[in-house]
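Labels run A, B, C and D following the written order; every chain starts at residue 1.
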Amino acid sequence: MSLLGEDIVTEDGLFVVNMGPQHPSTHGVLHLKVWLDGETIHKIEPHMGYIHRSIEKMSENLSYRNFIFATSRMDYLAAHINNEACALAVEKGLGIQATPRAKVIRILMGELTRLASHQLWWGCTGLDLGAVSPFFYAFRDREAINDIMEETCGARLTQNYVVPGGVMFDIHPNFQKRTKEAIANFKRNLTDYDKLLTGNVIFENRTKGVGILTKEDAISFGVTGPTARASGLSCDVRKWFPYSGYENVEFDEILATEGDCFARYMCRMAEMRQSVRIIEQLIDNIPEGDFQEKTKAVIKLPKGEFYQRVETPRGELGVFIVSDGAASPYRVKYRSPGFSNLSALSTMAKGGKIGDLVAIMATIDLVIPDIDR
Amino acid sequence: MQASIIIFYCLAAMIIGGAILAVTSLKIFRAAVFLLFSLIGIAGLYFWMNYEFIAAVQIVVYVGGIVVLIIFSIFLTHHSGEDMKSPKLARSIFVAIAASSGFALTMLLILQHQFFASSGNVVEPTVKNIGTQMLSTTENGYLLPFEVISILLLAAMIGAIVIAIKTKTKA
Amino acid sequence: MKEPGYFKTIYLSVKSLLTGMRMTGYYFTHPKETHTEQYPDNRATLKMMDRFRGEVIMPHDETNEHRCTGCQSCEIACPNGSIKIITKQEVNAEGKKKKAIDTWVYHLDMCTMCNLCIVACPTDAIKMGQKFEHSVFDKSLLKKILNEPGSKVKSGVE
Amino acid sequence: MKTVLTISLSSIAGHIHQWLEKAIGNPTIVYLIDMVLVAVCLLVFLVLLCFFLGWMERKVAAFMQIRLGPNRVGPKGSMQIVADTVKLLFKEGLTPAASDKFLFHLAPMIVVIASMMVCAPLAFAKDFQIFDISIGVLYVSAVSSLGIIGILMAGWSSYNKYSLLGAMRSGAQIVSYELSIGLSLISVVIMVGSLKMSDIVMSQSDGWWIWKGHIPMIISFIIFVVASTAEINRAPFDLTEAEQELTGGFHTEYSGMKFAMFLLSEYINLFVVSAIAATLFLGGWMPLHIGHLQSFNHIMDYIPSSIWFMGKTMFIIFIIMWFRWTFPRLRVDQLLNLEWKYLLPISMVNILLVTLMAIMGWHF
């Protein structure tokens, strides 16, 4: 066995390890080139593009009704929120607003999506840190939410429930009952989560003081979402730029100051509680009325540029549409949260061990199709 | 032929074969593994002689300690996978002469020595006896040799640390 | 915050570990909590959610009539081009020429079940079916013709 | 103690030996046949045991994770592991082109042989032992250190960086955890005054060491279980495999039968470690006896000694599995911290306590 060559061992004796594109903890086809000094990380270079599907380019050839469906495939764990962002951008262009009922349904669905996404993240964090069982507990709770999605939207993951002007059809008669049950169950099961990971000494050791991201770094890398809020950067789009009526709902923006993996973990755990709070406020107060504002069969946006941001479970998703007045957008650009969050990975992981890198990747909650689009 | 004799020859073959391969192998990691076999063979020989305690100590110290340290130091130095250069002929001849004269000297001593059957109190090699003997300071006690031998482990430890420390050349 | 002492650390660590073990132990001793779906065994009784989107189907009534007029709204609405409608000119009883479907081709392999075609259909001719076991060995089997042979459009559907 | 059952494992073994002596006569050949018989029996036993442990692990994991586990092949999925073994047997054994082929093939064998060798001094039942060596405990700790060489060889010869990192981790891990294992073994040896397995078991005829030895023995039992979990590379100490970090560690490149051998050795090690813990602290095959409750003790004697031994071993195996399916994995530096900062100092103090107890006779 000979250890030579630039891509294996550098002249300084640094070990070059290609983590991914097929690696159990990169959560998809992410390729990280890692320079190691023993087990200590010296440098990381993310290589992307393994799952690039040109969603932005595809959107230029689809009508304003149709391009929404493609965004379900970006951040597939928050498909509903992605769809909502696009619909909101189109509504902004048309100068209309969704009906009050549709708005509340969107918030409810969005928060259920956020819960489901955070539950999956919690399970995967446990899995990445070597505990297999959390994954199954998380999936038990996530399954209930997926069932709600299936009942009302017709699909479990890529719902495509949002259309410009509202939602595609009204909620299922069982929706409220089922949601209340799921939320009640989840509130009980949340103590399991704390017992299994939050208080566990091994987990705390693995995450506390690991992968620290300072507030300054978070700002300069454009990090958003719970990852940034754990560093003390207040950036919740739902608070700063309320959409869909989030301004009428009571909830707290979760902030922490440590900026380490444990802070990110606790931020997300607290966000789950906030999501539950929002759902509980709204579930009995869905206003009556139309679920969809009337729009023309062929939507044409006026000439101009429209930008809409929403808060996905991973951070700020921006949809930027340039319209030349035709029936399909001239240019669409998505500002995906995963991409910016990934850029901070190298800074966070430097000086840590390989095990730390896995913990950091788990707590910034990467979804690779969201990064590549 | 008795089973015991067969086992002895098997063990002897293992020791000698392992030793020869360890010296002749050009891959340093393989050499360490062959050395391991040789040491295990020696441990087996102790077992064969019913000196179980010594055999276990042989495994603990040499196999579990020294060889692992050797392998570690091989890991820590790069380029360990390449073949070593074959030694020069002159050097090989010199080593061969040195080794065979050492062998001859040992054999000479063994052959000249008058072996006699031990008489009287044969100490049973039980753990209790070994423990008492090892820590006794009387004439037949082994406290001093025991301590001297522990220097071997110290030397191995220091050697491992020296190899592990990378000299950082600062520009 | 003061760091807890040596023994307190040990006590707290062991306590936290035992809490976790108690939880897994609880589930181990309570097999009723099992959440496994009995999927292939419960095929006979398995009922999907009524809005579940499995594939596009075109319901025909007992007289082999469907509601599709061949307006091609769905074909336009489909983002993936998985619908292809071939129309023909038909002469009806009054001697008027009328557009009707010849073949309604559905490429299941390209479909993403986005429901946009169903929303676009003005006559409710198509809807989403609940079948979800679509695996086949030959890809060409995924190309389906939805209108049954000899079927015609229901009278009164414009 | 009165033998309650006339048919015991030891009497069967004795009968076979006597019959062989009568039939053949030549002591050398009888001895060789005995050895071969023992080896075959041990192999069959261990392989069957590994099948059982594999099934047990899956079921334990499944029930802890609110699912059902394997339930297709055989009753309750019990034949699943057999199906998996058959699959591994027929699988192509890949060898990386740049690997050191000789060591690559040798490594799994060394690992398996080392773990099987440790079985020799185990007392499976009353008077039923392969080799009642006078230094039993020392032998166990010596031979179990051989397995690490196999892991180092596997990691180095695979020509894979993940494997190499895994091997390095395993080296550091095993070398340090052997210390606290040794110290907790010694605490029993101090109490018994002998390294012999049979003596250790006999010394517990009136109570197991975990009861007799008060708190220090309980501490050393816990330390032994924790440290041996680390020694056999099981979660939460499975850094050498660390699927999420090193994609399988030292056995990343192994497939087919050679991978199965690593798996086999993992389960044998699990069994051996638990068996030793059961022998040293829980009385081995010795039934549960409580003080002077003669009738109770008598009932306990009716349960065959082999069942006592296996029952205790399975109990400890279950605990180790329980660890695995509950905890996250430690990081490599925390692993060493745990050993050098907590386990080792505690077990050193514990040794002093045990010695004091032994001298003062403060045990039952």
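The working rule: a residue touches a chain if its C-beta (ideal position, glycine included) is under 8 Å from a C-beta of that chain, and two chains touch if they have at least 3 such contacts.
Predicted, not measured: the structure shown is a model, and the values here were computed from it.
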| item | value |
| --- | --- |
| Relative to chain A, chain with the most remote C-alpha centre | B |
| Chain pair with more C-beta contacts, C-D versus A-D | A-D |
| Geometric centre distance via CA averages, chain D-chain A, whole Å | 45 |
| Where chain A and chain B are represented by their mean Cα positions, the distance between them in whole Å | 60 |
| Centre-to-centre distance between chain D and chain C (centres being mean Cα positions), rounded to whole Å | 51 |
| Intercentroid distance (Cα basis), chain C paired with chain A, Å | 25 |
| Chain C: positions in contact with at least two other chains | 17, 20, 23-24, 35 |
| Chain B residues counted as touching two or more neighbouring chains | 81 |
| Where chain D touches two or more other chains, by residue | 64-67, 100, 156-157, 159, 325-327 |
| Residues on chain A engaged by chain D in the complex (per definition of touch) | 1-2, 8, 15, 17, 23-25, 39, 126-133, 135-137, 140, 196-197, 200, 202-203, 205-206, 353-358 |
| In the complex with chain D, residue positions of chain C that touch it | 10, 17, 20-21, 23-25, 27-28, 31, 33-36 |
| Residues on chain C engaged by chain A in the complex (per definition of touch) | 12-13, 16-17, 19-20, 22-24, 35, 48-53, 77, 79, 112-116, 119, 128 |
| Interface residues, chain D side, partner chain C - complex | 60, 63-68, 322-323, 325-327, 342 |
| Contact footprint of chain D on chain B as seen in their complex | 2-3, 27, 29-30, 33, 36, 40, 52-53, 56-57, 59-60, 63-64, 67-68, 71-72, 75, 81, 126-128 |
